[in-house]
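One chain, chain A, appears in both complexes that follow, with chain B as partner in the first and chain C in the second.
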Partner chain A sequence: MTDAISISNAELRFGETAALDGVSLTIPQGTCFGIVGESGSGKTTLMRAVLGLQKLDQGEICVLGNPLVPGRAALKQRASFIQPIFQDPAASLSPRSRISTMMNEVGTVLREPHAALFERLGVILNRLGLPQSVIEKYPHEISGGQARRVAIARALLMKPSILIADEPTAGLDVSVQGDLLNLLQDIRQSDNITLVIISHNLAIVRLIAENAVVMRSGKVVEGGEVGSLFKSPREAYTCELLAAWPSVTRAPALNR
Partner chain B sequence: MAISLRNLSVNYSLQQGTAHALRGVSLDIEKGQMHGLVGESGSGKSTVAFALMGLLANNANVTSGTATIEGKSFDLTKRNATADLRGRGMAMIFQDPMLSLNPVFTIGTQLCEVLRRRTPGSDRKTQGAMAEDALAKVRLSNPGRRMNQYPHELSGGMRQRVVIAMALLSEPALLIADEPTTALDVTVEAQIMREIIGLRDRIGCAVLLITHSLGLVTEYCDAISVLYAGEKLESGTVRQVQRQPGHPYTRMLFDCEVPIDRERHADASQNRFTVIAGDLPDPRRRPPGCIFNARCDVSFEDCAVVSPGDYPVRNDDSHSARCLRLATP
Partner chain C sequence: MSGIFATLKRICSERDGRLGLAFTCLILMFALVGPLVSPDPNAIDIKARFAAPGLAHLLGTDNLGRDLLARTSVGTRYALTLAVIIVVISSIIGSLIGIIAGIVGSWIDRAVAAVFDIVNAFPPLILAFALIALYGNGSATFVLLVTVVFIPQFGRMARARAKTLRNLSFIEAERMLAVHPITIVVRHYLPNVAGPIIVLASMNLPVVIAFEASLSFLGFGVQPPKSSLGTLIKDGFISINQSWWPTVAAALVLAIATLGATLLGEALRRVIDPKSTRAR
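Then we have the complex of A and B:
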């Protein structure tokens, strides 16, 4: 089977800084892949490059076996199988239009009749635990957690086979965070989606992903199967990341 | 007792009615201690901080509440009750350091401004030296150069260090840190928390750490208070609360945290995450009985009607929770 995403030797410089410095990785289809690292390590730049929103200086990116082609038409075509969920959900929703207007755009791209589109949307909203009334609202009228789910609903409406989520749980409460992660897990199982999770939450990546890479200043410093990667990290930087993680080391409960 | 807050209630008047953001919240923070205030978004954590600082929005109305800071009592229902304390007795670290620094002034200018209020009469040279010294104390690299730089030239972690240096200069009795590390990386988070602790130990102030991360609280705090929908459900020392949460909500919050060493299913798609089902109650209409009743997994009939008082957990005076299950008949 062709890999969902394969990147070979990607290089990109912003002036003096190397945002991507020889990144190579492959993401098999139907799996969940984690990309961890601190801010400025190039995680989001890599995502933008995979989406074709950022041109590389060097290297090649193949999505489902096909190399990225520049241009609007290709971008539009790619949208039907690879979809992003951006870090800041509020920023990915236009403040001036209702949620329904944004969802209509999906219909325009897919050339799907309005009624059929909104029927599918109803099902998706239901699954995400959003009230149907949400589509009549403006982005400022809904909460952060809801905005994020709206962004996911829009991505799913495109029926993608690859979903890239940039910090999907940043800024969410622990109680809501679990909900969202379980949802992503469900989607993965039912729709056989390839999921790419970009996060600095190591604990979550460890549980949700099969494979992961650790990035630092544009380089992949370590990668592999999550279990062994986190159990016995080889790189000093991975150890440092793991050690910095604040832990709720629960004292044994006395009578629970 | 360095700081005590009694019976704080805050309402927000909205178009759709009055939202009760806080209902009778009391806190005690010992000098030299770090007190963690945890709760979900919308629980009123930041409203506590803003009410103390006098930074509430115009549509907010403090209906009751007194604060005692260093032996002096302040009636928080009065507008600008704690104005005298701002910059002297109290300091605050905000979530977004970019928003608490003025983009058009250099770091040095902004630090010296704190000193002009703190030590009026000292000359600019000493102020500059003190400011630079403060930057060195929070371990900002190259403090001399930073003095002449603008906030946009620094990274998020560096900016947060500058804000901590500012707090250090004002030598407050109470430092309020509102989600100080949410916008930062885990590695930077650990460094910033170390600086806040360093600041606390250096000037012996009380710290109120507002966060939704139980990990941070258990790792760095001495005491904890749990806020839910504007009511304090539990408080005690971190050890006590962690060992035996008195309130089901606290227990569920702890269960939601994902430990880095949690057992992992070989098939990653089978791993599930714990959630607290349900939503926060409408802040405009408080349901009768226990506020957490609708989401509680161990509630019984009385919970829907009887409003629980604050009961001690395991006969320990310093650990209490508002749960009917603790009420001894």
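Then we have the complex of A and C:
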């Protein structure tokens, strides 16, 4: 089976800084794949490169076997394969457009009749636990959690095979984080979507992903099946990341 | 519509805004109603030359006995019409060029920025003299020349805004949905560029009014017997020893028009773009 995403020797520099330094990895179809690393490790840059938003200096990226090429026809094809959920979903919704207008744009791209599109949207909104009335609102009229779900709804409306979520739980409280991860897992399993989770939060990747890679300074330092990766890491950096995991300990007794 | 009323309400909530709105309304009324209630602005009455302001002629008469109220109101109407036409045309053309350059980037962006810089490098009056020497006097030449002078101002602002917007998540999300580029420009770039452009347009209105008066004063703008605020000031200035009112009447109208438009533009800027308000 063709890989969902294959990246070979991706290199990208911003001046003196190597944002991506010879990154090679493959993500099989239908799996949940995690990319972890500290801030500035190149996770988001890699996602932007996969989406075609950032040109590489060197290397090749294929999405479902199709290399990234410029041009509108290629972009349209890519949009039907792969959709992102941005780190700040509220910022990914046009501030001066109603949500219905943004959803309509998907219909125009897919050349889908209005009624059929909104029937499908209704089902998706239901599944995401959003009221139907949300589509008549502007992005500033909804909460952060709702904005994240609206962004997911818009991505799902495109019927993608691959969903890339950049820090999907950032800014959410713990209970909402759990709900959202369950939701993404449900969607992945029912729609047979390849889910790529980019996060600095190891717990999330451990919870949801099957395979993962650890990135540092634009390089993939270690990768493999999540259980063994986090249980017996080979690289010192992975150990450091795991050790940096915050834990609750009993405070020393105060002398009165 | 509710947005317009809300903006007006916020403008009226501050002193400068109220003053600007009052001056602008006064000048608009003067330009609209003045020519309807006053006699023919070109009717000569030698017997009444240099008549002082009075009941027969509210603002007096000029050296040919023409009614100054009529001539000033016609000149104001002419100045306002030209200013609105020029600002609208230059803002539309400048915004489109700026947005396209900002989105496309590469050598097109650099070329557009260089052209804007070249046009801006010429003092407007020098550029005006050159274009008038090439194309002659007249309203069409004036509109063309001032439009050319003002396009870079709008273009630079739209270009800077488009460059910022291009990298924002919501524009990238639209691109990732493969939404048509024209739809993205019309639906997502234009509404987000419109605010600063409207503010700049409102602040450029008094500049265009003063620019038209300057050219007419120097004899390169409106030609006699048509009246404009600049020619009225010039004609009054020549005969200032006999009568002071022609110069004062036209200069007062020019001052109120530019002051009103400036105060209104500033208030609009504070309402639409509160972040740019300088510390008081």
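One rule holds for everything that comes next: the second predicted complex is superposed on the first by the 247 of 256 C-alpha atoms of A that agree within 3 Å, B and C clash if a C-alpha of one lies under 4 Å from a C-alpha of the other, contacts with A are read in each partner's own complex, and residues count from 1 in each chain.
In the analysis below, a residue touches a chain if its C-beta (ideal position, glycine included) is under 8 Å from a C-beta of that chain, and two chains touch if they have at least 3 such contacts.
Computed from a predicted structure; not experimentally measured.
In the superposition on chain A, contact is made by A:109 with chain C only, not with chain B.
Number of chain A residues touched is higher for B, counting chain B against chain C. Once the two complexes are laid over each other on the shared chain, residue contacts for A:156 go to neither chain B nor chain C.
Look at A:125: by the touch rule set out above, it reaches neither chain B nor chain C.
Of the two partner chains placed by superposition, only chain B is touched by A:32; chain C is not.
In the superposition on chain A, contact is made by A:210 with chain B only, not with chain C. Look at A:95: by the touch rule set out above, it reaches chain C but stays clear of chain B. On chain A, the surface touched by chain B in one complex and the surface touched by chain C in the other have no residue in common. Those residues of chain C that touch chain A in the complex are listed here as 168-170, 172-180, 183, 187-188, 191-192.
Note for the complex: chain B touches chain A at residues 40-42, 155-156, 182, 184-190, 212-216, 218-220, 239, 242-244, 251-254, 256-262, 264, 266, 268-269, 271-276. Against chain C, the residues of chain A that register as touching in their complex are 51, 53, 72, 75-76, 78-80, 83-84, 86-88, 91-97, 101, 105-106, 108-109, 151, 154, 158. Residues 31-32, 38-40, 143-144, 171, 173-179, 181-182, 185, 188-189, 200-204, 206-210, 226-227, 230, 240-242, 244-251, 253-256 of chain A are the ones touching chain B in the complex.
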